[in-house]
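Next come two complexes built around subunit A: one with subunit B, the other with subunit C.
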Partner chain A sequence: MIPLLAALPLSFAFATALLLPLHRKNLAKYLFLTGAFVPWGVFLLGGEGSEIVGGWTRMGGIEVAVGVYSRWFILAELLLFSIAALYSVVYFRGKVKPFVLLLLIHTGLLGAFISRDLFNYYIYMEVVSVSTFSLVAFPGSSEAKKAAYKYLMLSMISSYFFVFAVGLLYLKTGYLNLYLMSQVVTQSKEVAAAIAIAFTSLLLKAGIFPLHSWLPDANSAAPTPVVILSGITVNVPLYGMLLLSTYLPLSVQFKAALTSIAFISMFAGVGMALLQRDAKRLLAYSTVSQMGYALIGIGTGNPLGAVYYSFAHSIIKGGLFLSVGSLSDARGSRRLDALSYRGDVLIAVSVIALSLAIGGVSPFVSALGKAEILQGLTWGRWLVYLAGVGTLAAFAKLNYWLSRGVGVRVGGVYRLLSIIPTLLVMGFGLYLYRAFQPFDAVTVGAGILTFALLRLSGLTDRGIGFELPVGRDVSINAALYALFLLLLLHVL
Partner chain B sequence: MGMTLVVKKTTTLVAPFLVTYGAYLALYGYASPGGGFQAGVILAVSAILLMTAYGPKQVKKHFPLGEVSLLEGFSGLFLTVLALAGLMFGAFFLNFLRPYLPGGTVVPFNVGVALKVAAAFILTFYLLSRWVDRD
Partner chain C sequence: MIDAETVGVLIMLIGLYGIIANEKPIKQVLSVNVLSVGLVLFFIGTGYVPNRTFPVMPANPVDPLPATLMLTTLVVDVALTALALALITDMGVDA
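Up next is the complex of A and B:
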């Protein structure tokens, strides 16, 4: 049953693609919605377990599984994709190609989250990436094309290095299946190098700090339904890191290096978010910072923390992009001072609630993630609290600007959908966490105070803007990737 | 319009043989070197050769864009349906035709992949030929 999670959306993707030459465009949305929702049935009926595709043995076949960790990723994916699917039916009305590409993203995400085999994982990660490139470029503006090109080049460079690392591991162990690999793997220089290369590639795809530069561009230029999914697409590389770290031996200093990178990413992301004047870029830089939190879970050998945190983050970020994206689509501008949620209670409530949630405030599910992350951390707990204050300051900035000015009319479906992530984040928080921490009020207060001080000093309004030609931009980032790779190879 | 008579004549003569070779690779690939992807590329090459010799417009007349994308979609759907059909016999992607056919489901898979790859390559060249000013 488990492979059907990926197979059914794929067959619906092909069926939807057929409608274009058959001149049956009007059926596209029904096929698309069926393909989007049908994996729910497989997920709910199938339960947990592991399976080898085609009834082969583990040594000869491809293993897929729904496990303790992956079920959270799959649940987040299904929830977020359902919202994005309903949104895109209205957004891409009368088109066919975006529906096909979105179903391919659906396939890729589910296929990556069920895979227990490195090469299979790589293939599905590529399915997600390639469909995302074309959807980022879909608006056709020069900004979108540039962002898609940059994302394509950087993502492809890291993909090739990743598949090289998979090849190295295959050479040393003779398997691609992670369980079998973990049975025979021994500590050696080649394995350590392969792990370092694979991690560097996945860090780029997850948007961790020095390698993040494609993420704000892609997230600000892509159409709104695609950006809603950005919260979950960055979880695919995270799941890969989780697989690598649970099945393969990571050295102590490598884990320490990952934790340090995570902290740097947390603060760099928050710092950049505070400086932005573009609402979507602010959210994108917040993703850079939030992925740092999840990476702490990997670095400290605490997968459950990483899983809970990224589960919470994907839904929260999806909801924020939905609300802010709808506002900016309606206004036709992404500048913070042009946007406002005045006169729109649903969007205002969801933006405020999700802003609190992203800071890890306690009735929401992200508080659980944060608590789990903190549990595994032996040093630098105060840094996590500090980054939380920074995140809340950045979102105080978002809310400050959105609560001023004149509101715009947002379509009814978009408004109704914007409240769903808020309810989900609240509901899962109450169901899973059930604790209320009064200390969070202090964090929120500190966040607002920080923003007020920064605003008084005039730092947050200046903005930073310099634009390189896209070719040079890609070259610089590729060089940065190479340097980072050397650094991680040095640490091992 | 297109290249010289020699090139045109040669490609017209070579193309049918390429199609035969592609079909052979797809149908017999389960037991010999070959397989769906290689067969598909060779099938596509026969059309691409004609496209370079006669110009894309001529070839598009014989293989219209709509028909090629129809073939692509159908072969993709065929592959997933074949994989899903294994479910009725026990497992996803199960080789349920093994007792009845040499190679079992591998043969229809190779044919499906060959058609899919060939259609995809031809479509790619159609799209690229929009930037070619010749012809």
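Up next is the complex of A and C:
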């Protein structure tokens, strides 16, 4: 039953693509919506468990599983994709190809989250990436094509090195299945090197600083439904890191290095977000920072923290991109000073609520993620609180600009959809966390105060922006990747 | 004698150097292809065991799995190269 999670959307993607030669374009949205929603049935009826595709033994087959950790990723994917699917039916009205590509993303995400086999995981991750590249380039603007090219090249380099690491592990253990691998693996230089290479690649794909630079470009140029999914696509590499860290031996100094990278990413992301004048880029840099939080969970050997945090983050970020993306599509600009949610209660409420949620304020599910992350952390807790204040300051900036100016009319469906992530984040928070921390009010106050001070000093309005030719940009980032690879190989 | 795995890794590194050293997108795509060829060679090398025969119902075969994995990677490679080249032609003078 579990393989159907990935197989059903894939067959619907194929069927939707067939509508083009059959000249039945009008049926596309029905097939698309069916393909988007059928995995819900499999997920709800199937329950947890593990299964070898085709009924082979573990040694000869490909294992798929819905486990304690992966079910949260799958749940987040299904929720977010359902919202994005309804959004894109309106957004891509009359087109067929985007629907096919979106279903392929659906396939890839679900397939990656059920993988227990490294090569199978890589293939599904590539399915997600390739479909995303094409969709990023879909608007056809020069900016979109450059973003897609940059994303493609950097992602391709890291993919090949990831497969290389998988090859090294295969050479040492003789298996691709993670469970079997964990049974025979021993601490050795080759295994440590393979882990370092695999992690460098996954860190790039997860948008961790300093390998993040494709992420703001891709997130700001891509069509809104695709950006809604960006919250969950960055969780695919995170899930890979989770698999590697739970099944393979990570050395103490390597974990410490990961935690340090996570902290750097948290602050760098917040800092860059505070400087942005482009609303979508602000959200994208916040993703860089939020992925740092989730990486702390990996670095401190606290998978549950990483899982809860990324579950919360994917829905919050999806919701924020939905609201802000709808506003900027309606206005035709992404500049903060051109956008406003005035006169639109639904979008205003969801942006404000999600802004609080992303700071880990307590009635929301992200507070649970943050509490879990903090539990596993032995040092630097105050850094997490500080980053939380920074995040709230960045989102105070977003709300400050959005609450000024003149609002625009946003389509009815978009407005209704924008409230769903807010309700989900709130509902899951009340259901799972059931705690209220008065201290959060201090954090929110500190965040707003920080923004006010930065605004008075004029630092947040200057903006930063320099544009490189896309080829040079790719070269520089590939060099960064190589340096980072050497760094992690040095730490091992 | 130097083995296929080592050569594969060297070719991968040459590919990575190519991406870093070339700013023309078309050359970068070619460099990524060099990188992927190195990867394929590395994998084929891992499957090879000296003095063993081909894996068609023999008694003592080489490891066929890496070669089959590489078929998949090659497909990904072709698809991505096509997409990258399409993007480059589309970008035109901007690139």
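Note that in this section the second predicted complex is superposed on the first by the 492 of 492 C-alpha atoms of A that agree within 3 Å, B and C clash if a C-alpha of one lies under 4 Å from a C-alpha of the other, contacts with A are read in each partner's own complex, and residues count from 1 in each chain.
Basically, a contact is a pair of C-beta atoms (placed from the backbone, for glycine too) under 8 Å apart; a residue touches a chain by one contact, two chains touch by 3 or more.
Quantities reported herein were computed from a predicted structural model and do not represent experimental measurements.
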item: Combined model on subunit A: subunit C and subunit B, fit or clash; value: fit
item: Between subunit B and subunit C, more extensive residue contact with subunit A; value: C
item: Contacts of A:F164 with subunit B and subunit C, given as first, second, both or neither; value: second
item: Superposed model, angle subtended at subunit A by subunit C and subunit B (C-alpha, nearest 10 degrees); value: 40
item: Subunit B versus subunit C as contact partner of A:V53, first or second or both or neither; value: first
item: Partner chain(s) touched by A:L18 [first = subunit B, second = subunit C, both, neither]; value: first
item: First (subunit B), second (subunit C), both or neither touched by A:I123; value: second
item: First (subunit B), second (subunit C), both or neither touched by A:A148; value: second
item: Contacts of A:L10 with subunit B and subunit C, given as first, second, both or neither; value: first
item: Nearest-approach distance, in Å, of subunit C Cα atoms to those of subunit B in the combined model; value: 7
item: Touching residues on subunit B, where the partner in the complex is subunit A; value: 66-67, 69-70, 72-74, 76-77, 80-81, 83-84, 86-87, 90-95
item: Contact set on subunit A toward subunit C in their complex; value: 119, 123, 126, 130, 133-134, 137, 142, 145-146, 148-149, 152-153, 156-157, 159-161, 163-164, 167, 170-171, 176, 469-472, 474-475, 478-479, 482
item: Parts of subunit C lying in touch with subunit A, wherever the complex brings them together; value: 5, 9, 12, 16, 19-25, 28-29, 32, 35-36, 39, 42-43, 46, 65-66, 69, 72-73, 76, 79-80, 83-84, 87-88, 90-91, 94-95
item: Subunit A residues touching subunit B - in the complex, by the definition given at the top; value: 3-4, 7, 10-11, 14-15, 17-18, 20-22, 51, 53-55
